[in-house]
Amino acid sequence: MSQHAVLLLSCPDQKGLVATIADFLYRNNANILHADQHQDANVGQFFMRVEWDMTDFALDQVALDAGISHFAEQFQMQWRLSFTADRPRVAIFVSGYDHCLVDLLYRHQCGELACDIPLIISNHSGAAPLAEFHGIPFHHIPVTAETKAAAESKQLTLLDENRVDLVVLARYMQILSPRFVGHYPDGIINIHHSFLPAFLGANPYQRAFDRGVKLIGATSHYVTDELDEGPIIEQDVMRISHRDQLDDLIQKGRDLEKTVLSRAVRWHIQHRVLPYANKTVVFD
Amino acid sequence: MSQHAVLLLSCPDQKGLVATIADFLYRNNANILHADQHQDANVGQFFMRVEWDMTDFALDQVALDAGISHFAEQFQMQWRLSFTADRPRVAIFVSGYDHCLVDLLYRHQCGELACDIPLIISNHSGAAPLAEFHGIPFHHIPVTAETKAAAESKQLTLLDENRVDLVVLARYMQILSPRFVGHYPDGIINIHHSFLPAFLGANPYQRAFDRGVKLIGATSHYVTDELDEGPIIEQDVMRISHRDQLDDLIQKGRDLEKTVLSRAVRWHIQHRVLPYANKTVVFD
Amino acid sequence: MSQHAVLLLSCPDQKGLVATIADFLYRNNANILHADQHQDANVGQFFMRVEWDMTDFALDQVALDAGISHFAEQFQMQWRLSFTADRPRVAIFVSGYDHCLVDLLYRHQCGELACDIPLIISNHSGAAPLAEFHGIPFHHIPVTAETKAAAESKQLTLLDENRVDLVVLARYMQILSPRFVGHYPDGIINIHHSFLPAFLGANPYQRAFDRGVKLIGATSHYVTDELDEGPIIEQDVMRISHRDQLDDLIQKGRDLEKTVLSRAVRWHIQHRVLPYANKTVVFD
Amino acid sequence: MSQHAVLLLSCPDQKGLVATIADFLYRNNANILHADQHQDANVGQFFMRVEWDMTDFALDQVALDAGISHFAEQFQMQWRLSFTADRPRVAIFVSGYDHCLVDLLYRHQCGELACDIPLIISNHSGAAPLAEFHGIPFHHIPVTAETKAAAESKQLTLLDENRVDLVVLARYMQILSPRFVGHYPDGIINIHHSFLPAFLGANPYQRAFDRGVKLIGATSHYVTDELDEGPIIEQDVMRISHRDQLDDLIQKGRDLEKTVLSRAVRWHIQHRVLPYANKTVVFD
């Protein structure tokens, strides 16, 4: 399969943006495969994702980088350039519930997630056999109130050693410190087992059950210092009725959580998600 | 079409309930058309809806009433007996946005809602021609902070004169007083333009837009003294993306509101909804 | 509100397309509001929709037309240029079932459909009062096997006199002749009360009921000479169960038909739909 | 957890059915947990599912069986009595695609499927490690046109030895002979990777892609001698757009297939599905 480049950028909206980018790509003989853009008129911001085939492209990666830098400065762009050969390196964090982990590992195995998964970190030991089955190193790092800082240091060292780009919290039930979060801005994806902002915090299914809602949901979002308040990447809901007991909600919730988290992870590693203003643009 | 009876009841769960009711109906030669029941084990409560054909039934309405009273007392039942010939009488309240009103009137006209609509009440005058087109008396009762109590008295008098069973707030933008609500326990249905409890109160679409959610919703519920906190009858959601501006949310919201409100109203007038513990059982 | 231009085009995929278009717009000082594009690698075809503000644009409509013609020839483009001030002129055809008509007229009235509706044509007379309520000329043209050709001639004359751009078959139960269809290539939208291609032809709800499906659907499509085989614009489904009788399917189907048809019509008049190879690209 | 009994029955609709059953259960001190019933007025058939706690029940299983037989004969009932302690024994058949198998095994492991899975049968060898990971015997039985009859005999022997109640075809790509199907009436569940009856037979995703549909679906059904024509248990769909290539349809289809098959299997083993007239009643 040929090598693709993906350029993801945002900047203040202004005339000439698309013309400049399209002209740059055309002059260098890019075969554009996908291009998508968006303007948010409220905040005057422009967003773009463009993907092209590198086969006949005139520039190597270094020259390409320099070329983009040139017009990026002119337009005050924030940008990220990725190549399909450079697969994102993803660490999965998990606690006792392993349904999201199982789902992510299977999707990875059958080629749905174009990333490498160099390690799994858990504060429980239960997922070790599953990690072994998939041939992925498993690190059991227990966390208590006393050991939390040390545990996070150990986690960060492991992430660093494994050159991890993205941390996926697959029902990891520990709250990360601002120090940890600060190491991965827009680089930690969480699944919240609720339709945010309906039931923030703990036990959302119990609270949904008590409130008698007719739909339950799940939300995947980037982690920020504000608990459950980061930019939402994806959400979905499932219908429930008076016949559904708390157990049924939890079971249906598992399916929602798997689906919603795996979509968010796939879109992130395909460089489709641009966070801004505590929201996201998700190019489809 | 033959006359049907619908018995809707709830009581503490106990043995012999179904046997007693089924035996009573069988002895009196009921041809049962639908029967559904539910137990909430958490609160130890039993709920039932049974519908039968009155054609060959042995008892007239008075004797039937007496018969039910007999075993209802024994089991401490709360119950309501209805006949298809006795169409519920529904008043629709509306303010400036008329999409729910249009939808309800059309569904009524084409036979989807088996009720009578003796009047429409509005604090605006805009819906008068629509009411006239459908041949329904329209009452324009403006409401200000000063006139609110008097306006409600006028409304209550009209409802009383028209023997109204159900009040539907079809985007009626005034908060009803406890006095008003007290006249219609479990008899006022509201549409809240939001997925409750996500964005209680005013301007939910603006707040959903600001929060960057990926789904918007609507909720229909019985009105209680706690604003937006009454038993939920129905909810639904619609998918949105970064491309949807506030106007798009409002437009999509209109479709949600129509759909969700009309379902709640239909189920109520078909005697399918049993509120309890600030929730509802909705027999389908 | 400022005037917008929308350019919708398709052509064989080739390098330099976007650069040429973006450069043309930039040189003429276009403020681009939305741009979306698509490549179908299977057939080697490129599709684009671009919308910009005409306020500060350097060219008037005639010069713009000439400018586009220039590069369109070079790239073998098929294209259509529209301006928001030039509202599409839509004729609605209806037979006995009026739910889609009611829905379209209300959406038109509240501003969701940016088009003019100069006339309604029906082979029944039932919708006349509704047309009158909305102030739209209503033409009752009965159709029998004998009069069909004459009726179509009369219809075509009316469409011509009213400079109609789009014909919407809102549950119009007559099959149009190839002659009629030939006058409006990609200009007639039908609602088929079924999830195509599941139950082509007549009585799809009856057949869905007999087959015991768990979902029913509706499909809107452009009309071609092959009955029910034209390019699909939109589809949706609704869940049903063993409790739903044929009447329930028909009632739920009405809601589906309204929703699906109105989406297709809105997208068409917003110049979002590009038919090709018996499919459609729908830019969102 | 206490032992539950589930009685699933169907018979010609007639008066006194519910009274007789309810009275029988009450006299024997049943604590009813769930009861649901349905009448199909078109075919004059009655369906019922009732579940009760055996803890204080007056009859043992033999006496219960005799008691039901007594009134079943009177009403010409077809019935099946099950106890939660007697977990259904399920064989899974799989070919090359293992996503449904992975999903079923994980749901089984985490307690969502209250059945035993004594064996997995495949005409490929790829799923062997997965079976081993879950500790389930795996039988590789290749099938060619020549060996098909012998292979089926071998399969039937294995099913017999393992006292299998239900065969789940989890993307098993061989057509079963009428002889095989005849051994398991209403006891083989298949997943068809399509919204039946839209694209019967092979390559439905390719054909959906070619037709340009806007939704793809999956269908689980009981297997009969008519290929793809058996009673439908569950269906679901997913939205697609012009951006989805064939690969995307297949990927989305995998999620649909998993979801739809696992629901059908769960409902079957919970004794919620009653097939009749090439349809199903699914009690929720």
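First chain written, first letter: the chains are A, B, C and D, and each begins at residue 1.
Everything that follows uses one rule, which is that contacts are C-beta pairs under 8 Å (C-beta built on N, C-alpha and C of every residue); 3 or more make two chains touch, one makes a residue touch a chain.
Since the structure is predicted, the reported quantities are computational estimates derived from the model, not experimental observations.
For A-B, the equivalent interface within C-D, A-D or B-D is the one where over half of the contact pairs agree by residue number, namely C-D.
Of all chains, A has its CA centroid at the greatest distance from the CA centroid of subunit B. We define each chain's centre as the mean of its Cα atoms; on that basis subunit A and subunit C are separated by 37 Å. Between the Cα centres of subunit C and subunit D there is a gap of 42 Å. Residue numbers of subunit B whose C-beta contacts span two or more other chains: 41, 241, 243, 284. Against subunit D, in their complex, subunit A makes its touches with residues 99, 102, 106, 110, 112, 129, 133, 241, 243, 251, 254-255, 259, 284.
Subunit B meets subunit D in the complex at residues 15-16, 18-19, 21-23, 25-27, 29-37, 39, 41.
Those residues of subunit A lying in contact with subunit B across their complex are 38, 40-42, 195-199, 211-215, 217, 231-237, 241-243, 245, 277-282, 284.
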